[in-house]
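Letters A, B, C and D mark the chains as written, and numbering starts fresh at 1 in each.
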Amino acid sequence: MPDTATIAEPTTLSYAMAVNAALRRALAERGDTILFGEDVALPGGVHGVTRRLRTEFGERVFDTPISESAILGGAIGAALMGRRPIVEIMWADFTFVAFDQLINQAANVRYVSQGRLHAPLTVRTQQGATPGSCAQHSQSVEALFAHIPGLRVCLPATPQDAYDLTLAAIGCDDPVIVIESRALYHSMKGPVTFGTEWPTIGGARTARPGTDITVVTWGATLHTALAAAEALHEEGLEAEVVDLRWLNPLDDRTVLESVARTGRLAVVHDANLTGGFGAEITSRVAENGIPLLAPPVRVGTNDLRIPAAPSLQGAAIPNAATVAERLMKACTAGSLS
Amino acid sequence: MPDTATIAEPTTLSYAMAVNAALRRALAERGDTILFGEDVALPGGVHGVTRRLRTEFGERVFDTPISESAILGGAIGAALMGRRPIVEIMWADFTFVAFDQLINQAANVRYVSQGRLHAPLTVRTQQGATPGSCAQHSQSVEALFAHIPGLRVCLPATPQDAYDLTLAAIGCDDPVIVIESRALYHSMKGPVTFGTEWPTIGGARTARPGTDITVVTWGATLHTALAAAEALHEEGLEAEVVDLRWLNPLDDRTVLESVARTGRLAVVHDANLTGGFGAEITSRVAENGIPLLAPPVRVGTNDLRIPAAPSLQGAAIPNAATVAERLMKACTAGSLS
Amino acid sequence: MHESDLNQYLNELTSMWRIRHFEEHVAQLRADNLIAGSVHLCNGQEAIYVGTCAALDLRRDAVFPTYRGHGWAIACGTPLDALFAELLGRAGGVNGGRGGSAYLSAPDHGLYGENSIVGAGAPIAAGAALAATFDGSGRITVAAFGEGAMNQGSVHEALNFAAVYQLPVLFIVENNRYSELTPIASMVRSDRLYSRASGYGMRGVRIDGNDIDTVRETAIQAAAHTRSGGGPVLIEAMTQRLVGHYFGDAQLYRPDGEVEQAREDEPIARLTRLLAARGVAQAELDAIRDAAHQEVAEAAKRALAAPLADPSTIEEHMYA
Amino acid sequence: MHESDLNQYLNELTSMWRIRHFEEHVAQLRADNLIAGSVHLCNGQEAIYVGTCAALDLRRDAVFPTYRGHGWAIACGTPLDALFAELLGRAGGVNGGRGGSAYLSAPDHGLYGENSIVGAGAPIAAGAALAATFDGSGRITVAAFGEGAMNQGSVHEALNFAAVYQLPVLFIVENNRYSELTPIASMVRSDRLYSRASGYGMRGVRIDGNDIDTVRETAIQAAAHTRSGGGPVLIEAMTQRLVGHYFGDAQLYRPDGEVEQAREDEPIARLTRLLAARGVAQAELDAIRDAAHQEVAEAAKRALAAPLADPSTIEEHMYA
């Protein structure tokens, strides 16, 4: 692999290898980084995301016991002492065995110490359902993290963002949860420009411009939303698709500005609806008094556990067709008053 | 204490003793109940909520090691086998050391087994900030539970509800999280009618009727909202205060019906705003297309960690004065379009 | 050899073959993309399941394995059709396809559920044992998990919880040396995991988990001990998997020759050698293997012909 | 007695008195409602803090105690004014009043933070020790927690994590027999908690935590051992609290005579008796006590006169 830091021409990488390139750059350029987690070092990660890093960076990259509290607590302690740990929690569903270390520990460090201490750790994890994945390996749980003040949260949806957001997370002086997409790791390839600047956190991206409705989404669901927008286009409707990328910090200005133009709002996510982050987006638009031509729409999984069978998963989780149908209805729905 | 089950005249009880009366009745009438947790048996609970139950019910009430995963997992296992466990997690903040047992375990039992198994357990906990309570003992975290399909969630705000909702939770054949209020345990006394029926889950309550704005709230914040409504009343404005009581099942009909009448909506909670359950309420009203005279308002804690010093806590968390001010503004704000 | 002993061995051989063939069929179905997602096979660990279940009364006892639980399910007597159907996402699966390979249950057969969160089943099994101290059932429970799970907080809490109340639960550590792709030796400083038991005031033993006699006799003793109120027992059963952690694992982390050696030491080969040495005809041994194979193949065929889980049912059974 | 030994003892007596008087002042301030909320006092456990800190170099070492951490803070050298101010919710508190009694930190003095989640500080302390294996600092860390915390999953994970990487961390179990209102004997089957260490392949010892000599010498040895790469050490220091779990605890759960006996065995009384027996004049011992008292009283007075934390600052320091 070429020296990632000095290349300006885009390279085509899978989502997984884009994360790998970011980790490699961080380990190479920042001597304070260390990387650990279950199966991340010698095996190179169960999804291959961390491969070759152990070979290249030696003991700064190491495997751990199956002890998520020790992994996260260990990262916090090392961060307090000036390291910049990058840890992997293999599935977002597994964060719950050690949630305390994120909510009650990492999130409190800076505020409670009045900034005397800080905990610049990056927690990489991944989420979502894939055919056959069981109910304990399928949840989309970003809303839980996004409700915790003190934690930065992002969900890259493209190889470029997998690269940029990972670096931004590592560079951030606060704890950041990077929620990757298992479904995209090897299925999605795309151009990645490495750049020379170190990316910083925050900022939504308008993934597709449009005039008829604003569709807010994040993470792997972006691709569902884009496919639905394409279907709308064939019906003569132009959806503007906003990829939030970061739930914290939240770039609600991009959303508000877009909705003010289109007059319609839909939020699409894989997570279940009640208490999902879609509610936050809908609320921000409402409380800012942005006039809407029709009620806002949230598309997500109904409030269900996730079944393993592909036929059931397919019916539970939004797909391009069901999203397109909902968007179409939203575009043609009557005025509010 | 009199035999609680047969008395129709209201008795005056503290919030804590109302919970105690419900637990006592459940243990007396349902032989399948067992009750355990840290310090709940011989000491009668660190807040005295479970006092005398060990004496009365013997080994069905017992103290545990400081092992929240074992407590919750133990309750699930016992529930699978036909017991009806009632466990205490001393502070809601501590659920995070064992969150997996609620999210990935209890919540999945019925759905994944197609109803062949079920886990009728009740998790009692309490939350909120009280003067001096530290950042790890002060959070209001109901939104996290309310985002998990499979978990029922309630927050009693009065002694009567402390009694009724606790019984309803215990009687429910699914896992229920009862989030009590530490601040109310001994400070709030009120009439409790024991009744003869066993209460069932669900249902909001209109705690104060009004015509000018609908104020949706739950848990201890109800009293903040009622005090604010009283202040509004002195200004000639009538707020209708809806106490949700249950976030799951969510009685959104009562909310929608009220907002349709008042044309204005405010949600008030102690939890921090972003991703709080206020967003869900605001979204339900918006997506149902209920016409509003002014944008909806969410009042909560800004997205902060909770400081211990009373002077700081007072500034961070909504109180009657700050809520009244926000409600007043909401009542006088101009029309949406 | 007594006739009853011989029969027992032959039954055990049948059971182990049933599991082995099941797993081999699953591997093929997964390779053919008829099963979707991760599958964790237990080839080589069969003696643990068959030997332990000999000590259980599955009308009242309850077993809590992990994602690597097909062998437990079969040893408990779960019908093969319904198991295949579950993995194949069919309506007739033990959980109608909702559980899948890694999170299925069959409580009618004492299988109270696989668990795909490492360590999470241990406190649940302890709780099921706790229920037995109230309901007069005489139930004991089994919490089974891998050696890697011994470093998970919930297992620690479960062990102490069971010890303090002397709960009737057996903790079976299936020590197959690896946790996913990482050897246990790099995750603990002392690899005598059974020795942790004494710190909780609990019995702990390490046994040869590939020897059906040892597993069965240890389990019978331990079950009697715990059923009679003697408290929990931790059994560290040494074994090896003959396959990868999950289907598709290239196993680059395993030293040369390890799997070959494991094939010599695996429980079916060992029991087969023992029976041959004691005079059982090769033809009889082959017939047992082949009958199990046929039973499994037919079950798979029936499951494949059954209808997929019906998407219109997804809203059912969320709440009481 | 050598003069240097004598001086050391006298300094230790001063330090222990400083802690004791601090806690007694806190109790009074809490009783007067000048301090709000729960306070957890460490009266009777002072030798653990003073003895352990003798083994530390607080310019680089890091201590992670619990909510019962005032004694550690003082033994680390945190200024009393800023500690009182923190408990009193003053702007000049070590954390400007944000941490409070149960969750304060003073990293300038090696106090990387109390923790009010039982057991949660242990993996963090292990992580701080992990950093030392990369940064060349020679740092060791101390994770201190009560005996009840030994049943928490995170402590188990931290112990194994530290053992497997041979991290430079001391785990100090302050065994004061009770966890809140429940005796340890009812939460474990084997109460020899230090014996759990061997299961992790780690050194574990139980010591008399009320004997300043024993604590200091054990800590010095253990610190040298772990600092030189010998791996973590678990020290179970037996002690008793002279007061309730938190302020206001009526301690009905303690058997008659237990607290009276504890007053005989507590470390200040013991060191005072030892020094008196070795010929130190009662007047000198009294003077030490009184000087510490005065130092503490004056600090409290200054803190009480300082301004409260300023509500207009609450939005500061949420993020970088």
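Here, a contact is a pair of C-beta atoms (placed from the backbone, for glycine too) under 8 Å apart; a residue touches a chain by one contact, two chains touch by 3 or more.
Given the structure is predicted, the values throughout are model-derived calculations rather than measurements.
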Average the CA atoms of each chain to get its centre, and name the chain whose centre is farthest from that of chain B. C
Distance between chain centroids, defined by C-alpha means - chain C, chain D (Å): 46
Would you mind pulling out the distance in Å between where the CA atoms of chain B average out and where those of chain C do? 41
On a C-alpha centroid basis, what's the spacing between chain B and chain D, in Å? 36
Multi-partner residues of chain C (at least 2 other chains): 96, 98-99, 103, 115, 117, 120, 151-154, 157, 160, 164, 186-188, 318
If you look at chain B, which of its residues touch at least two other chains? 64-65, 67-70, 93-94, 97-98, 100, 104, 108, 111-112, 134-136, 149-150, 303-305, 307
Determine the shape of the graph in which chains are vertices and touching pairs are edges (line, ring, star, complete, other). complete
Contact residues on chain D for chain A in the complex? 62, 64, 95-96, 98-99, 103, 105, 107-108, 112-113, 115, 117, 120, 122-132, 134-135, 137, 139, 141, 153-154, 157-158, 160-161, 164-165, 316-320
In the complex, chain D touches chain C at residues 151-154, 156-157, 160, 163-164, 166, 186-190, 195-196, 198-202, 231
Report the residues of chain C in contact with chain A in the complex, numbered from low to high. 35-38, 67, 89-90, 93, 96-103, 115-120, 148-149, 151-154, 179-182, 186-188, 252-253, 308-315, 318
Quick check on the complex: what are the chain A residues that touch chain C? 38-39, 42-43, 46, 63-70, 93-94, 97-98, 130-137, 302-305, 307-312, 314-316
Would you tell me which residues of chain A are touching chain D in their complex? 34, 60, 62, 64-65, 67-70, 72-83, 85, 98, 100-101, 104-105, 108, 110-118, 149-150, 152, 172-174, 249
